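Next come two complexes built around chain A: one with chain B, the other with chain C.
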Partner chain A sequence: MKKTAIWIIGLLVAFLGVFTVSAEEATLTLDDIVQKTNLAAYYGGEDGRSEVNMTITDGQGRTRTREFVILRKDVEDGGRQKFYVYFKKPSDVRKMVFMVHKYIEKDDDRWLYLPALDLVKRIAGSDKRTSFVGSHFLYEDVSGRSPTEDEHELVETTDTMYVMKNTPKDPDSVEFSSFTMWIDKKTFIPVKIEYLDKRGKKYRLVEALKTEMVQGIPTVTQSRAQDLLSGGKTVSEFSNVKYDIGLKDSIFTERYLRKAPKAVRN
Partner chain B sequence: MKMGNRLIQFSTEWPKLITGVMVIVTLILATMMVRVQVDTDPENMLAESEAVRVFHNQTKRMFTLHDVVVVGIVNETHPDGVFNPTTLGYVHELTQFAMNLADDKNPEKRVVARDVIAPGTVDAIEQAGPGQVRFEWLMRKPPETRAEALKVRDRAIANPLLKGTMVSENGKALAIYLPITAKDFAYSLRRQLLKKIAGFTGDDRFYITGLPVAEDTFGVEMLTQMAISAPLAMMAIFLLMLFFFKKVKMIISPLIIAMVTVIWTMGLLIGFGNTLHIMSSMIPIFLMPIAVVDSVHILSEFFDNYQKIRSRRKTLKKVMGHLFVPMLYTSLTSSAGFASLALTPIPPVRTFGIFVAIGIMLAWLLTIVFIPAYIMLLKEESLATFGVIKSGNDGSKNKTLLSRILGWLGRITYTQSKLIVLFTILMIGISALGISKIEINDNPVKWFKKNHAIRVADRVLNEHFSGTYEAYLVLEAETVAFELPDAVNAVKEALAQAIGNEAPVYNEAIGLVKSVSSTSGSAEDFINLLSDEFELKMDAAPDEEYDMWADGLDVMDSIRNRGQIFKRPDLLRYIASLQEHLVQTGTAGKSNSVADVVKKIYQELFEANPEYFRIPDTVNGVAQSLMAYQNSHKPDDLWHLVTPDYAKANLWVQLKSGDNKDMEATISVVDAFIKENPPPVPLIHRWAGLTYINVVWQNKMVMGMLKSFLSSFVVVFVLMVILFRSPLWGLLAMVPLSVTVAFIYGIIGIIGKDYDMPVAILSSLTLGLSIDFAIHFLERSRQEHTRIGSWREAAKEMFEEPARAISRNVVIIAVGFTPLLLAPLVPYQTVGIFLASIMVVSGIGTMIILPVLIKGAERVLFQNK
Partner chain C sequence: MLKNGSLSLFLWMSLLSVIVFSKPATSGVFQDNLYDAYEIELNGFAEVRQGWRLKDDPYEKGRSISEGRLQLDLGRDFDWGMLRFKGDVVEDLVKSRFRSGIREFNVMLSPLDFMDLKIGRQILTWGTGDLLFVNDLFPKDWQSFFIGRDDEYLKAPSDAVKLSFFFNIANLDVIYAPVFNGSVYIDGSRLSYWNPVLARTAGRDFIFGDHERNRFFADGELALRVSKNIRGTEVALYGYRGFWKTPEGMNPVSVTLYYPELTVYGASIRSTLFGGIGNIEIGYYDSREDREGDDPFVRNSEFKVLAGFERELMRNFTGGIQYYCEWIADYHAYRRSLVAQPGKDEYRHLLTVRLTRLMMNQNLRLSFFGYYSPSDQDAYLRPKAHYKLTDQWAVEVGSNIFLGTDDHTFFGQFKDNTNAYGSVRWGF
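Then we have the complex of A and B:
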């Protein structure tokens, strides 16, 4: 997720050096910002692992939790990626696996492994704006929305933020009319994303609540998605984040759905 | 009597003062009426603190349920029914339009867009090629081709949660469910929808129904109706009085009394901070006849006497001398009849009873104070012809007709007394039979006439769908004690099964159980501490032992989550069998539960194979199916059917009728099922939902009414004994009343009219009105008998003036309220018919039964005189 995200900035800093950054920033085009943000948010390191503690709170304050491990491996920066989500809790869904092969040019491949039913199921991926395991995060928040799907517009540049408005090219394919991102100038982490509904009313908010440096990569360690209409929200906490751990490609195959790889352990 | 005389003397001497005071008080109280707060919610028939309402509200919150307005779209002409691109286009447009609707004045009253059920807002779980499922909006945008439209239909019908609920099985009809945040938004919502629908063309029929619409619309129409019927009734009474008494100036006075009484009473009601409820809105209708009755007695006698005496003051003195006591007692008894409603457990009925009781006494006071004052204010000359028509030309036919009939009636009561007794007994017998057939039932939708748009919508939609009335059956486990030893045993048992006592870590694990149990204070403590220990072990474990410790942790978790009973396959199957039973017994059209969701998703996970339309075999199987379901657009839909902790389940029952008797039948079917088929764990089952609430307040009301009726019967009897200073006379006075009540309720039973809210309320009116004639009749009979000495002669007198007064009253009230029959609201019609029947039956009953009984018991009745 976002936490896995942000190391592009780190890489940039490392390669370009502190001095060139300000010069770079000055000449950034809108397209540059879009790309850097995408990379910062979803492509930190070559691969990564994180443990996620998700607390879903509904409008009445009732909570449910999920605990899972996310493994991610990039095929190419800003392009194809693979995710492996292994559930630990609630205990009755332990060993459930959600696996994604993300593509840019076509629909993602998604698999669900349900151990209690001994069933591997593919989930057709045409619509990414469905809930991620009942939380207020959408599948698209987890795997990333391709920048090519929206028109981008830099609305404002403050001392610390780029404010970018994104309007879908195919409005019928999504439930929002537009969303606005507040992007940290230094890290390119989107710290706040506001969604407007078809009537132009704000109804959804996704925020990075905490960002830490992990192995030199700015990493979101706490994020929150809010449903402003129902008052429900989901907070995700990321712990034990590690980058560049050398995940094998074979992990992200159907074979490993039934038998979880060691990497899901500490 | 003395006090009465002084009162009348005072008012005949100070007519202007009295009139002035009355006008001022009326104006003051009229200003109070401006502050009126209308409350049309039948839910308020129960106090807010009433357990059933508290639970209903809890249930709504717990499962995020709202009151629902149902919009039905029916197309009978298109071969594909509503599933053609044009109609679906309208459906889409209407859904989008409806989702954004809110009350102009209070935007908090709105449609809950998130929970709207419509083709564009529900998810379809479906097969997307071999081994694949897809979560997709059923109809993201309106289809453009026939094939696409039919696909929407097929996918909807394939979903058991939608079939019969959102889509009719024959494909002719679709329903949009619009949840609303406040019931009193339903009327305005309906109007906005109708306006939008008016812009659509084609063969599609649109219907709007649901209890909130019926209830809210009734509230609005009720107020309009009150504003129309009350003046209409007044006008009719005016015309009838004009017919009887000819003199406009004279007959205006009863109307003034009626109006002032209504204004005072309503002013007081509102001034004391009461809301105007369905019940209290009927107060004017109830007060008017009662207020008019006394004045008509006075006018009738004044009319008959004035030409003989030729002095206002003297005539008044004589008339009031006759009437003061009977009027006081008729008012007291009527008042007592209504005041007894204060004993019912229903707040609006209590308010209604108390204020009608107050109104009746106000009417009495106004009558005896104002009528004489009013007559005194008229110039003696203007009365010159009052009562003259008695012997005049145009009135003579009238007079002779009424007098002739009454004279004949008088003779019959004397000559044919045995026949009358026989007839009366026969009637009572038939009435008893009728009463035994009375069916207690109510349904707010049936408060509208059969051809009212809401009734039509209700009928049509319930033909196409499995029911537009909702009731919620909430299931939860009875709490069972779970102490430390229970926990230890449960853990040991489960560990042996999960890890196996052969496993290398088993002994280690059991060791931990023993050491932790000795240091824990409670079961909860024990489980938590043990989990911590296991987690440490797991983290440190070599790969081959890792899973075993993890399994051990699962054991702890499952014990910790033992309250999540609605993931258990046995319980889900139990719910499913209850649902099946409900549909088989035919009381419910359909029901929806978490079991249906599980079955549907399980089936889709297995290639939509019908054999998999069942509950998976393990808790984890259920949990994982539900986790898969939650990857949809609206995962929260699940929480309408089960709480997120899986401790409570909601069975959403769809009933095809809002009749209380049908809801009651469903309740007993469920009770019997649970009794005969004990659930796998002891369950508490409780109902919520508007349809159920209506049953509860109806039952409270019926029992309350019965109690209050019986108590007022006793009170009236005691008053009669006091009035006549004789238990025998008191008993006599109760006879016509009892016959009237028996007869009227007998008729209700025979014609099959449901005993509903208005009928229940009217029992007090029956009591109050029908005792009146008996009091007047008996009081006068005693006076005449004392004067004349023999009943044979006295009876003749009785069928002159007194009988005429009674007859005029009967006609004026009975006919005066016929405008109510034109009302589009059934309760108003009921009141109209009832008033007429009460007047006719009790009038005739009084005039034929009492003389016969007096004749038969003449010696006993008059022995001391």
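Then we have the complex of A and C:
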């Protein structure tokens, strides 16, 4: 009798469990997944700081490294953001600063500070599909691609992943024909993104190799971008990640281009 | 002399070779130790740069540039601010001398929440022009620029105090230099130029001397800027009170040059435009010692206007154009008083083009910068290729090409100085 009761309770719990999960899944529309993924990938916390170590390996196996600190502040979740990138290595780019005010509805404002000349240069950067500091990551991988630029399609739902195909609304603006994201159901972190070229051939792969919880926020701490045609790849390691550190708006102004804030110098 | 020179260059090459063959990591260890022990950051580079004249110049030496250089950059952070030192030692084989120079030696603090302060030797830049300067009246080193040193050396240091105030309404920068910081101009010692006294091209046979402005406070300079970023549009107003940065005055009796008094008022605007960056900058140069424009030995007042546009033409390929005009005020008075013919035109129009192409994972940078003046009928072209062999090693080749139909125009006067150069640099 007792055994049966436990069984029944067990079944009930299991059923309820399944039910709640499927209910949650049922309430998630494609749009919800798109939004949650965008927020998980690029809008963790109100602001954030991370040290980045990039190892760039070209098709011949030659490596180069980049070390920088990146600060981010969200103006609105899923919308405008500000970025401040302070270079530490190699020595020829040391103390250079790259700053972006990212908009959704218009081109970003970008600045570059060249310390040797004390020059605050405004940079023309309409093409976000350009390599970021010579790596296999693109500007868009760093600051995010607006979900409004693509048509989305949920092609598969596995036990752990949403598989979403994204097709650009303006195919002439990009070098790919589509890209497919494997999105972790729990964290909404895209763990793998595959790009197809105009002829439908897979040519580029971006992966989250390591994800950790930082202050309760799922955070990619190691990622890799590969150029499948040349064999080149870049691995980014993110360390000392911190969220909600109270970055002031003023950090993202000319003042702090000329005088790097403590948040990046330490 | 030449033998010594070759020996020195050999020594510099040896130094670089030692760096190649000793593991560069050792310098990294030294840098780390220095930081761990004293929290001092040490960086810098060693470089060999060699150039050749592509035309015969009867007034100058055969080599345009030949030097070994070591730059050290030291910095330390304190709770109260930052201390910075940056200096070069140079073995200059064209001038057969060894020299050293401090580029930066300053302290930077933020005494108030809305105020920054930088005191000491520093590099200063503002304004919106690309290798054209309207309201940037900080010293330049034109000689370095023309003989093919790194772009960094176009900017000469200032000994100054820079106060910056950041208010909601706008930002204010006040820069005061107690003693005038002049530009390095073309005096004939290294590059030949049009000499109005001789009415011909001259060089080492007539090196202009100038009367230095070196009196504390009496020869001081003040530069102001009020700036604001209004939703991505950067606007600024500028003011300057000091002296012409190059000696635009001459004492006709002693035939020495001097730096006449100058006041400048200006404004600029810069914003995104048609998928690129557009900018406009204007300035009025009030030549206070020749307000009527009738003193033939002092440069007249001038209006300067600059408009530029830069955008990405395709991936990793950027193009920029600028139009610039200098308009001489009181031109009739200038013409009437002119003693040395031929004089300048009332308007000097200038067009510039910049093309930058990044290749091979952005390790190869091909760039071209060209100035062309339709009014002076002259041009100055700067092609350059820069390749980063590794994160530490970089090589560069480039050229400075001067063209012109006349011998007396701004760029045309330098046409015998056309040169090419190459460099090898190790950064640490």
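For the reader, a short list of remarks on this structure follows.
Here is the rule we go by: the second predicted complex is superposed on the first by the 242 of 266 C-alpha atoms of A that agree within 3 Å, B and C clash if a C-alpha of one lies under 4 Å from a C-alpha of the other, contacts with A are read in each partner's own complex, and residues count from 1 in each chain.
Everything that follows uses one rule, which is that a residue touches a chain if its C-beta (ideal position, glycine included) is under 8 Å from a C-beta of that chain, and two chains touch if they have at least 3 such contacts.
As the structure is a computational prediction, the values presented were derived from the model and not from experiment.
Steric overlap between chain B and chain C is present once the structures are superposed on chain A.
Of the two partner chains, chain B is the only one touched by A:R199; chain C is not. Legend: residue contacts after superposition of the two complexes on their common chain; A:T157 is shown touching neither chain B nor chain C. By the touch criterion defined above, A:R64 lies against chain B and chain C together after alignment on the C-alpha atoms of chain A.
Within the superposed three-chain model, A:Q35 lies out of touch with both chain B and chain C [touch as defined at top]. Judged by the touch definition given at the top, the superposed model places A:N53 against neither chain B nor chain C. Look at A:L229: by the touch rule set out above, it reaches chain B but stays clear of chain C. In the superposition on chain A, A:M96 makes contact with chain B only, while chain C stays out of contact range.
In the superposed model, A:S146 lies in contact with neither chain B nor chain C.
In the superposed pair of complexes, A:L112 makes contact with chain B only, with no contact to chain C. Comparing 169-177, 187-195, 349-357 or 529-537 from chain B against chain C in the aligned model shows that the clashing stretch is 529-537. Put simply, chain A uses residues 58, 62, 64, 89-92, 94, 116-117, 119-120, 122-124, 126-127, 129-131, 133-134, 232, 265 to touch chain B in one complex and chain C in the other.
Across the interface of their complex, chain C is touched by residues 56, 58, 62, 64-65, 89-92, 94, 101, 106-107, 109, 116-120, 122-127, 129-131, 133-135, 232, 250, 253-255, 258-259, 265 of chain A. Chain A contributes residues 58-60, 62-64, 87, 89-94, 96, 112, 114-117, 119-124, 126-127, 129-134, 139, 172, 199, 229-230, 232, 262, 265-266 to its touches with chain B in the complex. If you check the complex, the residues on chain C that touch chain A are 43-45, 77, 82, 108, 110, 116, 122-126, 151-152, 154-155, 164, 166, 171, 227, 229, 232, 234, 270, 272, 275-277, 279, 310-312, 314-316, 318, 320, 358, 361-363, 388, 390-392, 394, 427-428.
Against chain A, the residues of chain B that register as touching in their complex are 61, 64, 100, 113-114, 128-129, 131-137, 140-141, 539, 543, 546, 550, 553-554, 557-558, 561, 567, 602, 605-606, 616, 618-625, 627-628, 630-636, 638-639, 643-645.
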